[in-house]
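In the two assemblies presented below, chain A is common to both, partnered first by chain B and then by chain C.
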Partner chain A sequence: MEISSIGTVIMAGMVAAGCIGLAITKNLFYAAITLMMVFLIVAGLYVVWGAEFVGISQIVVYVGGVLVLIVFGILLTQRIQGYKVETSNYRIIPGLIVSGAFFYMLVNLINNLSIGNHTEISNEDTVPQIGVNLVTENILAFEAIAILLLVALIGASTIAKPEKE
Partner chain B sequence: MTTEHLLILSAFVFCIGLFISLTKQNSIFILIGIELMLNAANVNFVIFSQNEPSLQGQMAAIFIMVIAAAETAVALAILFKIYRHYQTSDLKEVNELKG
Partner chain C sequence: MYTFLFYLPFLLIFVVFAVYAERKVSAFVQDRMGPMEVGYYGLLQTVADLLKMLQKEDIVPKAADKRLFQLAPLLIFAAVFTGYAILPITSGVAGAGMESGIYFLLAIVSLDVLGILIAGWSSNNKFALFGAMRSIAQMISYEVPLGLSVIGAIMISQTLDLQEMSFQQGIFSDSANYLFGIKALGIDTTDIGGILTWNILRAPFLIPLFIIFFIASLAESNRTPFDLPESESELIGGFHTEYPGFRWGVIMLSEYGMMLLVSLLGSILFLGSWNTPLPNIGSVTLADWTSGTPGATSGHVWGAFWLFSKTFFLIFLQMMARWTYPRLRVDQLMNFSWKYLTPISILLLLINGLWRMLMI
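And now, the complex of A and B:
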């Protein structure tokens, strides 16, 4: 067993443990920090799998952007003083049934797949290739997503703006 | 670890996200579940784009990331507005339209 394979096993276990922690915790703040841990380890997994650029974007966009937004959301919408940042569960049994059945279905599907065993990494130096792809093959998607992000961010700040009295 | 094991890991992350979105009462927690599900889809894309010279899987993963960021920004703005109107982020108490 080589080093990267052992690392993959450890990181996969940590991702699974973090997800279970997310499902059972009731404290919103702990959930945000656990989500950060899961995202960071997934970024590490991307790097091990030879997708360095996606891993770095994961850290920049998810950990740096999305999680900061979520923490801001928690701070703005919870009454911190004299009030616990806790939430409760409801519909646990139906939720367990639905997600468990979906997981069972997916595992059955994956077991019936015949995928070649491609775990070794052959893509060397993917970053220049991604840059070339972004401005040649995927230029339309790139431009469209830039405009979408601009519209979404301006729309978000317009929605959140306080109304005039 | 074979490809199947990694696919099962991403399926597990997706199902945990589904469970969180279904059972939690707080709206921000539901947003966290949605982020987990998007991330599981990304993991699948990156797994399948190993050993693929044109890297289309990784491109899809990058675009999904940007869409997730846009979605979070809009969703948090809406939640903030709901909080200002109802003084709660508990979805059980948000039960009237234009109230």
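And now, the complex of A and C:
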């Protein structure tokens, strides 16, 4: 086996284990930490598959951005407000049925998938290519996201503004 | 590989001497002598302190979350130390040489926020939690001006690879360099090298951006005047209040590691990396004499010498700032980041973009 496929197997196993742990644990804070580990390993998977830039973006967006905010939120509600945030597992059997069905669907889909002629993409100069593509072919999506983020920023500062008497 | 073989032992030795230097600098600023007893001129004081620290009992508070409490210092150190993986040391040693190097560094280093958060939370102590909250609010806020100032240097260099960025800033550059980056001036500095081809002089508007970078990096490594997270007089020790002995040592190690990391990054991005500051003047080819050959021993020695002299100079500035300025208030800290540093760095970014057009 190639070293990258060994890495893939190990990392995929860790992702699966992390996800199960995430579902089982009752402590919401542990769940958030496990989620971070899962995100980090997924980033590692991207790097193993040669998509270095996507992997790092995964760290920036999910681990660094979203997750820190989630953890912050949990912490503030738990220790400062004085009550414990806990989860427990309800409706285990329906949940297992739904997730099993979904898993079956995914396996089926991936097995019957025809990817077509895929060409080997060279790993050189991906960053300039991403940059050029962002402001030429995908300029509309880029601008739409920029406006969305601007709206979010303005919204955040409006909410945070102290009300005048 | 170089990271473990070179930076790990280097970091350990650096911390011992940085703590000593910190005490001496603080003593000279305050017109004292500093540590004088242990070893010649007090040189072994930190070693003695280290030995004492290692013997301390590893205590976990009863009401603390044991597993997370023990994990947190390692998480902080891992996040900071991973950042070293992509730093070049000399012209022949590029580190991991990733194409998106600096992006990776900023991503992975920002994860130490999580370690601090876990440390503060799992201690189950109000002071620790306050410290952690202040620290996170501060680090997330100051990541914005830090990132913007780094983008300024990236825009001038047109690459995310730190080694490529380093090569551009000296006499080994592939492309032609002009004075202040302006091609129309027609003064070719490619062969002159030295300080004239450093990023701060390739685009002079990087100088204010470098100052912003320096300020933000002080905040990122929780140094005075931005040391609110651990302000001893108010919060005991901030997020590491409950940590004893070795685990406290690991936290301090990552703090000094962060200092070294941001200083290295500052000298690579703005101050010419491992390139010599001395230019070639006519037949007095100072730059050639003090650069060596890339890949050969002379190149390694000169490269590492220049890179670490610049880094240690920046660390000295950080120490001077620590013992000169008083601590900011929380609201001043936030105002300073969001109302001054961020808008100014965005404006400078715009100017740098225009400047880059002059360089083509």
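The rule is short, and it goes like this: the second predicted complex is superposed on the first by the 134 of 165 C-alpha atoms of A that agree within 3 Å, B and C clash if a C-alpha of one lies under 4 Å from a C-alpha of the other, contacts with A are read in each partner's own complex, and residues count from 1 in each chain.
Assume a residue touches a chain if its C-beta (ideal position, glycine included) is under 8 Å from a C-beta of that chain, and two chains touch if they have at least 3 such contacts.
Given the structure is predicted, the values throughout are model-derived calculations rather than measurements.
**Q** Quick one: is A:68 in contact with chain B, with chain C, with both, or with neither? Answer first, second, both or neither.
**A** A:68: touches chain C, not chain B.
**Q** Is A:9 touching the first partner chain B, the second partner chain C, both, or neither of them?
**A** first
**Q** Answer with first, second, both or neither: which of chain B and chain C does A:51 touch in the superposed model?
**A** Touch partner of A:51: chain B, not chain C.
**Q** Let me test your reading of the model: by the given contact rule, A:31 touches which partner, first (chain B), second (chain C), both or neither?
**A** The answer is first: A:31 touches chain B but not chain C.
**Q** When the two structures are laid over each other on chain A, which of chain B and chain C touches more residues of chain A?
**A** Looking at chain B versus chain C, the one contacting more residues of chain A is B.
**Q** What is the contact status of A:127 with respect to chain B (first) and chain C (second): first, second, both, or neither?
**A** A:127: touches chain C, not chain B.
**Q** Shared contact residues on chain A for chain B and chain C?
**A** Shared contact residues on chain A: 53, 72, 76, 126.
**Q** In the complex, go through chain A and note every residue touching chain B.
**A** 5, 8-9, 12, 15-16, 19-20, 22-23, 28, 31-32, 35, 38-39, 42, 45-46, 49-51, 53-54, 57-58, 61-62, 65-66, 69-70, 72-74, 76-78, 87-92, 94-96, 98-100, 102-103, 106-107, 110-111, 113, 115, 117-123, 126, 129-130, 133-134, 137-138, 141, 145, 148-149, 152-153, 155-157, 159-160, 162
**Q** If you look only at chain A, which of its residues touch chain C in the complex?
**A** My answer: residues 29, 33, 36, 52-53, 56, 59-60, 63-64, 67-68, 71-72, 75-76, 79-80, 124-127.
**Q** State the interface residues of chain C toward chain A in the complex, per the touch definition above.
**A** Touching chain A: residues 68, 98-100, 103-104, 106-108, 110-111, 113-114, 117-118, 121, 129, 133, 136, 140, 159-160 of chain C.
**Q** For chain B, which residues count as touching chain A in their complex?
**A** 1-9, 11-16, 18-20, 22-29, 31-32, 35-36, 39, 42-43, 46-47, 49-55, 58-59, 61-63, 65-74, 76-81, 83-84, 89-90, 92
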